[in-house]
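Down below are the structures I want you to see.
Each of the next two complexes has chain A plus one other chain: chain B in the first, chain C in the second.
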Partner chain A sequence: MKHYLKQFGIWFAAVIFCIVLPLIFNSGFSRSMLSQMGIAVIFALSYNMMLGQGGMLSFGHAVYYGLGGFLAMHALNWVGDGWPLPLELVPLMGGLGGVVAGLVFGWLSTDRAGTTFALISLGIGELIAASALMLPSFFGGEEGVSANRMVDTTLTSFRFGQQIEVYYLIVAWMLVCIALMYLQTKTPLGRVANAVRDNPERAAFIGYNARVVRTLQFTLAAFFAGIAGGLFAINYEIINAETVGAIPSGNVLMMTYIGGVGYFFGPILGAVLVTLMQLTLAGITHAWLLYFGLLFVGMILWAPGGLAGLIMMHEPVWKAGLMSRLLRAYAIIAVPALVLFLGLMTLIEINYHLSLSVNPDEPMSLFGISFRAQSIAPWLVSLCLIGIGFFFFRKAQRVVRRSWNEVAQQMKGAAIQ
Partner chain B sequence: MLEYVLFSLLNSLVLGMLLFMLSSGLTLIFSMMGVLNFAHASFYMLGAYFGYQISTWVGFWPALVIAPLLVGGLGALVERYGLRSLHKYGHVAELLFTVGLFYIIEESVNLIWGRNAVMYPIPKILDFPVFKLLGADVSAYRMFMLLISMGMFVGLYLVLTRTRIGLIIQAALTHPEGVNALGHNVPAVFMLVFGGGSALAGLAGVIGGIFLITEPAMAATLGPIVFVVIVVGGMGSLTGAFVASLLLAAIQTFAVGIEYSLTDLFALFGWRVDATGFFRDIWRIQLSHTGPILPYLFMVLMLMFRPKGLMGKRES
Partner chain C sequence: MTALKLVDVHKNFGSSRIINGVNLEVPKGERHAIIGPNGAGKSTLFNLISGFYKVSRGYIELNGHAITDLPPHRINRRGLSRSFQVTNIFPKMTVFENVRSALLWPMGYRYSFWHMCDRLKKVNRKTEEILEKINLADRRHIPAAMLAYAEQRALEIGITIAGDTDVILLDEPTAGMSKSETARAVELIRNVTEGKTLIIVEHDMSVVFDLADRISVLVYGKVVATDLPDNIRKNAQVQEAYLGKEVA
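After this line comes the complex of A and B, so read on.
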């Protein structure tokens, strides 16, 4: 019993957590946000099947997401016309679309990994995005394709008129997909994909065809991306050519990387955090894309393992009971980091007010302080904050590094004894 | 017909030389550092905006000199404080850093100059028809662009083949470790090449921003095309980049005027196509509308069948 609890406990917890979540956050906004998060989690995990597991950096993963979404949308229309496919299984059509496209494009692009693969994926992404506007009979032209998800053929008693019913459908698919993708990492294919990622030559020497392995991994990733696209179709009931384009491709790359490619759960964190940021920040400030870009670059520079890497980095320290030392150093660096961020933010917001607001002459307000963007004082204040913050941030970085070294040394000493 | 061919040739020459100004820097950076710089076209955009801003303050001619220098300096800083510290994490981290930089630069341009295109007019002194070609005017500005880009081409060629630093750069393209072992400061060479490539992109922006359009989306429009150029030309090959720039510009320019579709092609052989099914539009697309996809098609085919590119010496 205890053994099972240890093995499956986290999955039970996840199921209960996902069921309870929309009951706590029960506004329409948060429920639709949770639905988007569920879709993003599948999409980001499928991306990591390629980047993290297979070492394939793709700039066109939204192709499979979008094509799956379009096929699912058409399927939804056929279901409305009397096709005997229950709505709950429509995302499978999306997955099917992903598989077909993934098999074709995967075989074409996986002969080499690395930059060549990245460039081919970029080319295919741009190719499909540009063709989408030329093929209105499938992609619906400018206005896209729409459908009604309230169809008669369903497996459950849900009618899918309400967002929460759609949420539960998405979450059910999400949990199934997470489990499948997790199990896939344990299969021989998943392991060989890791081998091909790390050293394709040696994998070839022991008899694995790197291209075949990559293609299979690619196709599976495209399958899950297609399912995410199918859920997108059901969630929004409209899909247009932008879904196959560069924006969602870049988005999923950022989600996955911010979450961390080195651990299975990394992309889940990334998808949740990025979706949350996109939806909430977009309501607060026009400059959210800039903050997002800064976060991304900051993560690459200072935490290349992503959020998951940051968390797992502290696991041994936590187990050794030395966390308090690090926390002190983190508290020290948090102050200048906050000052630096405040300065940057003030500067960004002043500039946005000047260039993009309706009437720049009106006073703007930040943290309840109202001022005119043209006056010199806020500029000086923000530049000072940036200067001071940067100076002390550099100093505090040294403190953090020193305490990390101390902690590492102590752990090493403990290991020897 | 002759008129169409001549004008398309002239336009593709102007566009092609502009593409070359961007791709020459990118291909050098790539083959030396192994970094595919996604932000390269962003430096082009910065060049255009700096050029616009400086020319409203002190006029076009100072802007033509100052803006590229500023962009080059910025590029050198990016290499020194961004890319260099990422080198230990490998090429993926470096590449993603430039992707992030692309976003930041685009949003910063939004932030400072607004989301709409800015008015960046042709300088008065160059705003006249220089000669007539078959009854149509050819503006002096185009000739000026050609002059600048040709000058840049010759200058770059001379620097790379006739100067000491040029020879070190050429050696570092293929054997960075060897050059390092001979006592040259390879990181400094990297910084110089990155800064120089960015400055060239900036120069292309100053003159191209007038010719095309100066807007926050200009980096995203031109960036992928520049990738296509360096892939088709062969990574690290300046001659390849030159040929591919002209070739791609010609393909795009000429395709605009040809209004044939697959249906017309099959009709030549007496076949009739009945267009049904999901992709029935394929048969009706005219060649003139395929302008946006032709470069990418070209790139994907090239990567699949000849990853070295037209004149490259090695695969990525």
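After this line comes the complex of A and C, so read on.
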């Protein structure tokens, strides 16, 4: 019993967490946000099957997401016309679409990894996005394809009229997909994908055709991307050519990087955080893309392991019971970091107001303070905040570094004893 | 029975001719060393045999079957494996994973995504055996990139022999090792290639004369002599071309 609890405890916890979540955050907005997160988690994990596991950097992963979504949308219409496929299984049609497209384009693009693969993926992405507008019978032209998810054939008693029912469908698929993708990393193909990622030349001399390994890994990733697309179709009941385009392709790349490619759970964090930012920040500020970009660049520069890397960096410290030492240093650096950020933010918002608002002469407001963007005071304040914040941030950095050194010393000492 | 046979093999890169008509026959079970001065084409020859390069002319047989134009993974599946002069392992994977991944194809699991590696008892047992053989059992959970140099060389040999192929090519396995490390490596090589055909390129003459049943001397892309170690030592042509005064 204890053994099973240890092995599956985290999965039980995840299931309960996902069931309870929409009951706590019960507004329509948060439920639809949670649904989007679930879809994004599958999509980002499937992306990492290629990038993290297989070493393939793709700029066109939305092709499989989108094509799966379109096929599922058509399937949904067919179900409405009397096809005997229960709604809960419609995402499988999305997966099927992903597999077919993945096999074809995977074989075409995986002869080499690296730059060659990345550029081909970009080309295929553009190709599909362009042909989406040329083939209106499948892609529905400008207005896209829509369907009604309230069909008669279902496996459960859900009618899917309410968002929470759709959420539970998404979450069920998400948990199944997470489990399958996790198990896949432990299969021969998953391991050999790592070998091909690390050293394709050597992999050939242990009997593997690197191209076949990459194609299979690619196809499985496309399957899960297609399932995410199928859930997208059910969630929104409308899909258009944008779904196969560069924007979702770039998005999933950023989610995965921000979450961290080195650990299986990294993309989950990235998908949740990025979806949250996209949906909430966009309502707060027009400049949200700029903040998002800053976060992305900052992560790539200073935390290339992503959120997961940052967390796992602390694991040995946590185990050694030395976390409090670091937390103190983090608290110290948080203050100037916040000041620096406030200064930057004020500067950005003033500039946005001046150049992009309808009437720049109108006063703007930040944190409930109303002021005119043309007056000199807010500029001075923001520059002061940046200066002071930066100065003390540099000082606090030394504190953090010193704490890390101390902690490392102590752990080393403990290891020797 | 001939394990490996090269007939009039040529290789040129553009106008520079690296291999100029090599003929070589290695019988089953022999330990065969290839020696020669720098730039003689020893590594190129290995790259031709293992399919890493395509031959320009001539043909190569493995166990009586032509392998001349096959890609590396097919040659490997037919029973030939090789190591590299520059350590060539899977750096981010653990030592255990490195060896195990070399066992998956030969033990029939190929591209499977429906088996769990940790449950493949035979594969894992065999992995343990190989780790014992190459003395890396207690380093199994360390990423290969973190191993010491000599350990990485041992791992390289482990990956090469894991698949239990009957022809093994080792490219300078003791390069860069200290004297004691070399002695241990020779012992290891002797051990793991028991009953197999071994073809080895090596600069360290003590290793060569210690290990090899027969020796071929490669000079400017041609085999100038193939003979027993003692005869090679005495061969005037060889001494002039390669051994110089070191041996004499």
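As a convention for this text, the second predicted complex is superposed on the first by the 417 of 417 C-alpha atoms of A that agree within 3 Å, B and C clash if a C-alpha of one lies under 4 Å from a C-alpha of the other, contacts with A are read in each partner's own complex, and residues count from 1 in each chain.
Here, a contact is a pair of C-beta atoms (placed from the backbone, for glycine too) under 8 Å apart; a residue touches a chain by one contact, two chains touch by 3 or more.
Because the structure is a prediction, the values reported are computed rather than measured.
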Exercise. Can A:156 be said to touch chain B (first), chain C (second), both, or neither?
Worked result: neither
For this session: Pick one for A:220: touches chain B only (first), chain C only (second), both, or neither.
Result: second
Exercise. Residues of chain A touched: more by chain B or chain C?
Worked result: B
Exercise. What is the contact status of A:290 with respect to chain B (first) and chain C (second): first, second, both, or neither?
Worked result: first
For this session: Have a look at where A:246 lands relative to chain B and chain C in the superposition and call it first, second, both or neither.
Result: first
Exercise. After lining up the shared chain so the two structures overlap, which partner does A:206 touch, if you call chain B first and chain C second: first, second, both or neither?
Worked result: second
Exercise. Is A:280 in contact with chain B, with chain C, with both, or with neither (first, second, both, neither)?
Worked result: neither
For this session: Scan A:192 for contacts with chain B and chain C and give back first, second, both or neither.
Result: second
Seminar exercise, completed: Interface residues of chain A shared by chain B and chain C, listed none
For this session: Report the residues of chain A in contact with chain B in the complex, numbered from low to high.
Result: 57, 108-109, 111-112, 114-116, 118-120, 122-124, 126-127, 130-131, 134-138, 246, 250, 253, 257, 287, 289-290, 292-294, 296-297, 300-301, 304, 348, 351-352, 355-356
For this session: Enumerate the contact residues on chain A facing chain C in the complex.
Result: 183-184, 186-192, 194-195, 197-199, 201-210, 212-213, 216, 220
Exercise. Along chain B, where are the residues that touch chain A in the complex?
Worked result: 34, 36, 82, 85-86, 89, 91-93, 95-97, 99-101, 103-104, 107-108, 110-115, 220, 224, 227-228, 231, 278-282, 285, 289-290, 292-293, 296-297, 299-300, 303-304, 307, 315-316
Problem set entry | Residues of chain C that touch chain A when the two form their complex | 50, 52, 71-73, 76-77, 81-82, 84, 88-93, 97, 100-102, 104-106, 109-118, 159-160, 162-163
